[in-house]
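Below: a set of structures, written as structure tokens.
In the two complexes below, chain A is the common chain; its partner is chain B in one and chain C in the other.
And now, the complex of A and B:
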């Protein structure tokens, strides 16, 4: 199968600190790839570089075989606003809290050129339904939404353009366990139904096990282990992975 | 007047402003920074407009100044007198007689001609400022013509009020390229900017920006396909001239709740009554 996204020898330093050192990876269509590692291991930097939000110091990211750096800012922005999506840990940073839920969902459509109010509204209503928010709340302000609902809204506002790749940065971080479970269930359902490719950053081994097909383990900006999720988690080879897996608290 | 250069500003400053104006005309709707000077009136009273006017006015010009459509309000009177004293130019209140019209918040009802120039006073030249608080990011959006999210605001208006509730300063696309603030003119006046034969210049003194719409340039107000742009107007007729096509001011006339509607363009109203 052809590669959707490919990273070759990525390098990124912040001063004397190495965030990424010789990182290469592949993402195939409809594949869910999780990047796990402890805080400061470079996983969020890697996600931002893959999503074209940060330029690497060296190396290159390829989308459908074409290098991102040759795309130009305009095309990259268009890509990020329609064919790609980015789900942040804190939905408050991604959403407009003083714009109605419908306006938030419609934003990407309007940025892509939708100019029919009625159609935008109908699509927004469908998406509220899809993320299990009462469609009657279409005109409510997100500032009155709970944390879990905000995250659902962010998911709806991102998936509304039916992207090909979605980058997720700790999508269930900061939510309590029962809400976390519902959001994970929702993400799993939507991702499979829409056939999305996902790059998921998490420090939660459980989340990775539940969602991911493949796993990348990072430490100090390097990939220390990679493989199928079950394989890596059940039979970890690298000592750091072994530590990571054994550190999970039993439920 | 002794001790002052013609039209107050020194020639070097006028040349600087004219260069900005030339650039602005060359790139319709694009904001050009200029080294705005301190003027003898406060920011918000037309310091941008007055500098543009000072840079383009000549001894043979006839100047008209309006504020909210009226020739007889403080701002209009003082700016007109300022140029009468510092440039010795002839002034008028008649739209048809003027060669340069400086305006705050209105476009005259009488259609402008190709031999006229209209100078707008602009408080906030950046149409994206409510959406994008960073000026650097706003400039990037202009460079990339990345304006889709402007419709989020219009969407919210329709959702809350059932229509686009922007009564003034309704953003426009100029020449299918740059998003532009038309200055706080009523939405009613927006269609007049489209294909106007006169040169339109915009000066923002506090923000130090100049922009322009050359004659016969396309100016389109933002809207939705199913909620087309609607230039709003009070559904009344002028109590003085009986006009039904002009933009009206609602004026409170006593403390009994009495009110009347009258043309905001005083020259238009007077010419209809004469």
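And now, the complex of A and C:
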């Protein structure tokens, strides 16, 4: 199977701080790749570079074999609005809180080329239903939604164009555990049903174990260990991975 | 036909958090299993039975040796195969029954076993056979008893015919009646040509299902 996304020798510095050092990875169609590591390990920077939101100082990201840097601003934006999706930890930063729930979903559809008002509304309804929000809330403003509902709305507003790759930055961070379980279950189901490829950043080992096929462990901007998720978590080789795994409180 | 052939397996655990302690667990371990055959792993606690079984699944990474699995007609070395090949082998060829079920929040017993909605009928059937009544099918197994969880775990494996099936104490938390059902399931799998490798502490189960026993000895630590 061909590579959907490939990163080669990525480098990124913020002043004297190294955020990414010689990071290479690849992603295949329908594969779920988790990036774990503590705060400051460079995992969010890596996600942003992979998603074309930050340019690396050196190295290159390839999408279907073509370098992102050669794509041009316009084509990259178009890609990010339709074939790719990005789910942020804080849905308030991604959604427009004073535009209706349906409007938030419809906006991305329209950016991807949809024009028929009735169809857009119908699709938005279907997606509210898919993320377990009462479709009757189509015209409600998200500013009245709970944190869990907002996150589900962001998921709907991202997946509505049925993207090929979805980048997720701590999608369950900051939510109650009961809400977290619901979101995880939702993501798990949708990812399988739609055959999405996912790059998921998380500091939660349990989330990685539940969702990911493969795992990348980062520290100080470098990949210290990578492999099948269960293999890395059950037989961690690097000192830092062993610390990470042994630091989890058993439920 | 040889389905699984492992040889020269070496595994040392380096415990960085315990002052770099090194544990040599496997030194030259190996086994071969043909279609329709069952090999039991035995030996004292600490001899590396679970380590070997996990290595055969690619869950533990061996330092040396090869693990050949017959996958889609070819012998593939699990040790050197790329991650996507290992995932494919685990999807199609190589099954594993762990000692404990890892329950997923909110997912019903039926869906844990079925995996995909199309397999729900088959899941209901195998759950019933393992004595998990209809009433429990819609519930997430997190609240089930140890024995019930283990039977859900077994149903997940026996819902399909794996060419190679690895079993870690499959009957440990079961009563005699359920143990006998599991023995029958394993016998049926063998009759259909599956190659089985298992750890069975219960001598009754081992005698009923194993054709051969591979005895492991603890490796002397330096």
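Quick note on the criterion: the second predicted complex is superposed on the first by the 251 of 251 C-alpha atoms of A that agree within 3 Å, B and C clash if a C-alpha of one lies under 4 Å from a C-alpha of the other, contacts with A are read in each partner's own complex, and residues count from 1 in each chain.
Basically, a residue touches a chain if its C-beta (ideal position, glycine included) is under 8 Å from a C-beta of that chain, and two chains touch if they have at least 3 such contacts.
What you see is a predicted model, and the numbers here were worked out from it, not measured in a lab.
**Student:** Do chain B and chain C fit side by side on chain A in the superposed arrangement, or is it a clash?
**Tutor:** Aligned on chain A, chain B and chain C fit with no clash.
**Student:** May I ask you to decide whether A:116 touches chain B, chain C, both, or neither, giving the answer as first, second, both or neither?
**Tutor:** After superposing on A, A:116 lies in contact with chain B but is clear of chain C.
**Student:** After superposition on the shared chain, which partner residues are touched by A:73: those of chain B (first), chain C (second), both, or neither?
**Tutor:** First partner only.
**Student:** With both complexes overlaid on chain A, does A:246 touch chain B (first), chain C (second), both or neither?
**Tutor:** So A:246 only meets chain C here.
**Student:** With both complexes overlaid on chain A, does A:103 touch chain B (first), chain C (second), both or neither?
**Tutor:** Touch partner of A:103: chain B, not chain C.
**Student:** With both structures superposed on the shared chain, find the angle between the C-alpha centres of chain B and chain C as seen from the C-alpha centre of chain A, to the nearest 10 degrees.
**Tutor:** Between chain B and chain C, as viewed from chain A: 160 degrees.
**Student:** Go through the superposed model and pick first if A:170 touches only chain B, second if only chain C, both, or neither.
**Tutor:** A:170 contacts neither chain B nor chain C.
**Student:** Under the stated touch criterion, which partner chain does A:6 make contact with: chain B (first), chain C (second), both, or neither?
**Tutor:** neither
**Student:** Can you give the closest approach of chain B to chain C, taken over C-alpha atoms and in whole Å, for the superposition?
**Tutor:** Shortest inter-chain C-alpha distance (chain B to chain C): 35 Å.
**Student:** Name the residues of chain A shared by its contacts with chain B and its contacts with chain C.
**Tutor:** On chain A, no residue contacts both chain B in one structure and chain C in the other.
**Student:** Okay, in this complex, where on chain C does chain A touch?
**Tutor:** Residues of chain C touching chain A: 13-17, 54, 58-61, 83-84, 86-87, 102, 104-107, 116.
**Student:** Quick check: in the complex, which residue numbers of chain B touch chain A?
**Tutor:** Residues 140, 144, 146, 148-149, 151-152, 155-156, 158-160, 223-227.
**Student:** Show which residues of chain A lie in contact with chain C when the two form their complex.
**Tutor:** My answer: residues 1, 28, 31, 181-182, 184-185, 188, 192, 209-210, 213-214, 227-228, 230-231, 234-235, 237-239, 242-243, 246.
**Student:** Quick one: in the complex, what on chain A touches chain B?
**Tutor:** Those in contact with chain B are residues 73-74, 77, 81, 96, 99-100, 102-103, 106-107, 110-113, 115-118, 120-121, 139.
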